[in-house]
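In what comes next, chain A is part of two complexes: it sits with chain B in the first one and with chain C in the second one.
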Partner chain A sequence: MDFEFILKHIPMYTEAAILTIKLGVMGILLSIIVGILCVLIQYYKVPIIRRIVSVYIELSRNTPLLVQLFFLYFGLPKMGIKISSEACAVIGLTFLGGSYMAESFRSGLESVDKIQTESALSLGLTKAKAMRYVILPQALSTSIPAICANVIFLIKETSVFSAVALADLMFVAKDLIGLYYKTDEALLMLVISYLIILLPASIFASYLERRLRYAGFGN
Partner chain B sequence: MQDLGIKVLFMGSNFERLLDGLWVTIHISILSVLLSILLGILLGIVMTSKNIVVKAVTRVYLEFVRIMPQLVLLFIVYFGVTKTFGLHLNGETSALIVFTIWGTAEMGDLVRSAIISIPKHQRESGLAIGLNSSQIYRYIIIPQTLIRLIPPAINLTTRMIKTTSLIVLIGVVEVLKVGQQIIEANRYTVPNATLWIYGTIFFLYFFTCWPISLLAKFLEKKWKVN
Partner chain C sequence: MEKNEKVLEIRHLSKDYGKGAILKDVSLDIHKGEVVVIIGPSGCGKSTLLRCMNGLESIQGGEILLDGNVITSGKTNWSLVRQKIGMVFQSYDLFPHLTVMDNILLGPLKVQKRDKKEVEKEALTLLKRVGLGEKTKAYPRELSGGQKQRVAIVRALIMHPEIMLFDEVTAALDPEMVREVLDVMLELARAGSTMAIVTHEMQFAEAVADRIVFIDGGEILETGTPEEFFKMPKTERARKFLDTFKF
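Right after this comes the complex of A and B.
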């Protein structure tokens, strides 16, 4: 194990890790927004758009991110739509994550008893207020474990970004292996980098899961 | 130009070649899933043990494998293990090893949670009505475990198929690689082949995984009543 080599190349990994985190966070935030939109459309049974949303969810859940990225990055420019690597990565991650988030939110919303909505409405709350004060808080508390699992899943999925010419952690590791043949060192640092990113996320997720006060009213 | 691109699919044996490439992916997934189910059942049973060492070891294995991106695991085996031990593993073998290690961890966790989710009184009631221990397993424990296990195990299969798309990055010639070859070969005659080929691959994956997902969803709903 060549520790000098490792020390020398830490900045490369840090830079790559920052890129991964940056794109990952953007993708995850957008996924949550897309997920909420999709689930609201399905919850309120908006005609037509609802069908589109379910087609989107099936398409995105049943195809790998790598293939989605290849299509976005190499396929779309032939239709005249040129997207940069970064944008492509974020769009791809959002396309994938949106449906996973939507499914988690949906199971949360479904867990809220119908009687809750009915009681809220009979108390004189408007539909929007019933959603805001009664349904959402209960739904969120049920769906948080699944959302945390999705966040970790999406961070893991960012490892394929090197396929669309982004200098992420996998790219740096492969580069160092190719350039210097320092396989063990490059891989060790790769593993450590991902542990540094993912371990706190995973520990925080299980902490959140334990601390959460699950809504169990009206059941 | 748009209508020109699709013809690339039907030139020569391009479409069959894509399907052959897809088969490589599916083949590796199926083998890994079968191995994972066998090993995962063993692991799951081992994980219900109360021995602290066994618990710690399986826990570390599970957490590490689940927290690492599968691509990192592929790199470790494909580049790391081959160099450290001087073995020559080709991409397919590395993929099979990695997906079995990963699938075993996932499957083991599913089996463990299915086993511990069966209430104790089920076994006790079985004893009380005079069943012997093999009858309890045969008629009470195993059927209930299977019902809880099969839908998530089917879902694991689709995840395995989707994850297997990564093997193109360690140089296995599968559907994406075949697609790239077709695109390269037709670079001048069909410049927008990229769109059609990658679009086709997208839908090939979709039509492979979708029926399996539907089956899992159907079984989940059907068995929920119990």
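Right after this comes the complex of A and C.
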């Protein structure tokens, strides 16, 4: 094991990790927004748009991210729409993540009993206020474990970004192997880099889950 | 007790879910300060009638008036109407993510935009009145069924409704907790509240009611004072229904 090689290339990995995190965080935040929008459209049964959302969710969940990225990066330019690698990555991740987030929020919303809405309405709250003060807080706390799982899943999915010419962690590792044949070192650093990103995320997720399960509301 | 001012008027109300009528041509007036108890076999439409009064069910015919204004015209501002019609449900419907105090404050603060200090003070007074002055910071999960229903009553009362609807509020309770909830309702009735109560507790109905309304098959078959109804029911179906409570 060539430790000098490893030390020398830490900055390269750090830079790549920062890019991975940056694009990942953007994609995840947008996924959450898309997810909430989709689920509200379905919850309130908005005509027509609701069908479009269903088609989107099926399309997104049943195609691999790599294929989605290829479509954005190689397919769209053929139709005259050219977007940067970074935009492709964020849009692709959002396209994938939005449907997963929507499904998680939906299970949360469905777990809230109908009587909760009715008793909120009976106090004179409007539908929007009932959603905001009564339904959403309960739905979110139920959804959080699934949302955390999605976040970790999406961070892992970022490893295909190198396919659209982004200098992410996978890209750097492949690059170093190609240049110096230091396969062991390059791959070891790759694994460690992902662990450094994902372990804290996982630990935080299970902490959150435990808090929600045992602390609940006042127990 | 009975005054002539009508709070709620139901005129020729009909309701169906698509397969058969749930309510057929139901007419009923509830006067200020009056306690109307609606009884009848399961599935007779009594809960549906109560839910119609609060706009939780759509209706197919007839109309409902609150203080002389039609509230079933389709242009109703339900938020405004529901502030005047308090409701307590059968299942424990407290908001589990809020403390007892926050459950009670939600309506006054978010709907009526009242002053927080003033409402908190009133909430505490009401909670003490139902014997739960110590529980302001508790979460619903930490309360017994009877305590939850008493909080739900306070949560409805604090909106200062003109009429309170009670939909089988003791039906899901353990027997030993029924009394504490009924006592609160009895006290409200004696204090002159206008109430419409759906219940299966016959002795309570007899004690609390100014008027008994007997519903079967979606129709009002009989109305009368508790003495009339329980001592000498006029219809065969009412007699049969009352017999099911005797051993």
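Following the convention adopted for this analysis, the second predicted complex is superposed on the first by the 212 of 219 C-alpha atoms of A that agree within 3 Å, B and C clash if a C-alpha of one lies under 4 Å from a C-alpha of the other, contacts with A are read in each partner's own complex, and residues count from 1 in each chain.
The working rule: a contact is a pair of C-beta atoms (placed from the backbone, for glycine too) under 8 Å apart; a residue touches a chain by one contact, two chains touch by 3 or more.
What you are looking at is a predicted structure, and each value in this text was computed from that prediction instead of being measured.
K.L.:
State whether chain B and chain C clash or fit side by side on chain A once the two structures are superposed.
P.N.:
Here chain B and chain C can both sit on chain A without a clash.
K.L.:
One more residue to check, A:118. First (chain B), second (chain C), both or neither?
P.N.:
The second partner, chain C, only.
K.L.:
If we overlay the two complexes on their shared chain A, which of chain B and chain C does A:198 touch? Say first, second, both or neither.
P.N.:
first
K.L.:
Pick one for A:137: touches chain B only (first), chain C only (second), both, or neither.
P.N.:
Touch partner of A:137: chain C, not chain B.
K.L.:
Would you sort A:2 into first (chain B), second (chain C), both or neither based on which partner it touches?
P.N.:
neither
K.L.:
Go through the superposed model and pick first if A:174 touches only chain B, second if only chain C, both, or neither.
P.N.:
first
K.L.:
Quick one: chain B or chain C, who's touching more of chain A?
P.N.:
Partner with more touched residues of chain A: B.
K.L.:
Is A:209 touching the first partner chain B, the second partner chain C, both, or neither of them?
P.N.:
neither
K.L.:
Once the shared chain is lined up, is A:126 touching chain B (first), chain C (second), both, or neither of them?
P.N.:
In the superposition, A:126 contacts chain C only.
K.L.:
Is A:160 touching anything from chain B or chain C once the two structures are fitted on A? First, second, both or neither.
P.N.:
first
K.L.:
Would you sort A:66 into first (chain B), second (chain C), both or neither based on which partner it touches?
P.N.:
The answer is first: A:66 touches chain B but not chain C.
K.L.:
For the superposed model, what is the least distance in angstrom between any CA atom of chain B and any CA atom of chain C?
P.N.:
Value for chain B versus chain C, nearest C-alpha atoms: 22 Å.
K.L.:
Kindly list the residues of chain A that each of chain B and chain C touches, one partner per complex.
P.N.:
Chain A residues touching both partners: none found.
K.L.:
So in the complex, the part of chain A that touches chain B is made up of which residues?
P.N.:
58-59, 61-64, 66-68, 70-71, 74-79, 152, 156-160, 162-163, 170, 173-174, 177, 183-184, 187, 190-191, 194-195, 198-199, 202
K.L.:
Residues of chain A touching chain C in their complex?
P.N.:
113, 115-116, 118-126, 129, 133-134, 137-138, 141, 216-219
K.L.:
What part of chain B is in contact with chain A in the complex they form?
P.N.:
2, 5, 63, 67-72, 75-76, 79-80, 83-84, 158, 162-163, 165-166, 168-169, 176, 191-192, 194-195, 197-199, 201-202, 205-206, 209-210, 213
K.L.:
Along chain C, where are the residues that touch chain A in the complex?
P.N.:
Touching chain A: residues 54-56, 78-80, 82-83, 85-87, 89, 91, 93-97, 99, 106-107, 110-112, 138-142, 152, 155-156, 159 of chain C.
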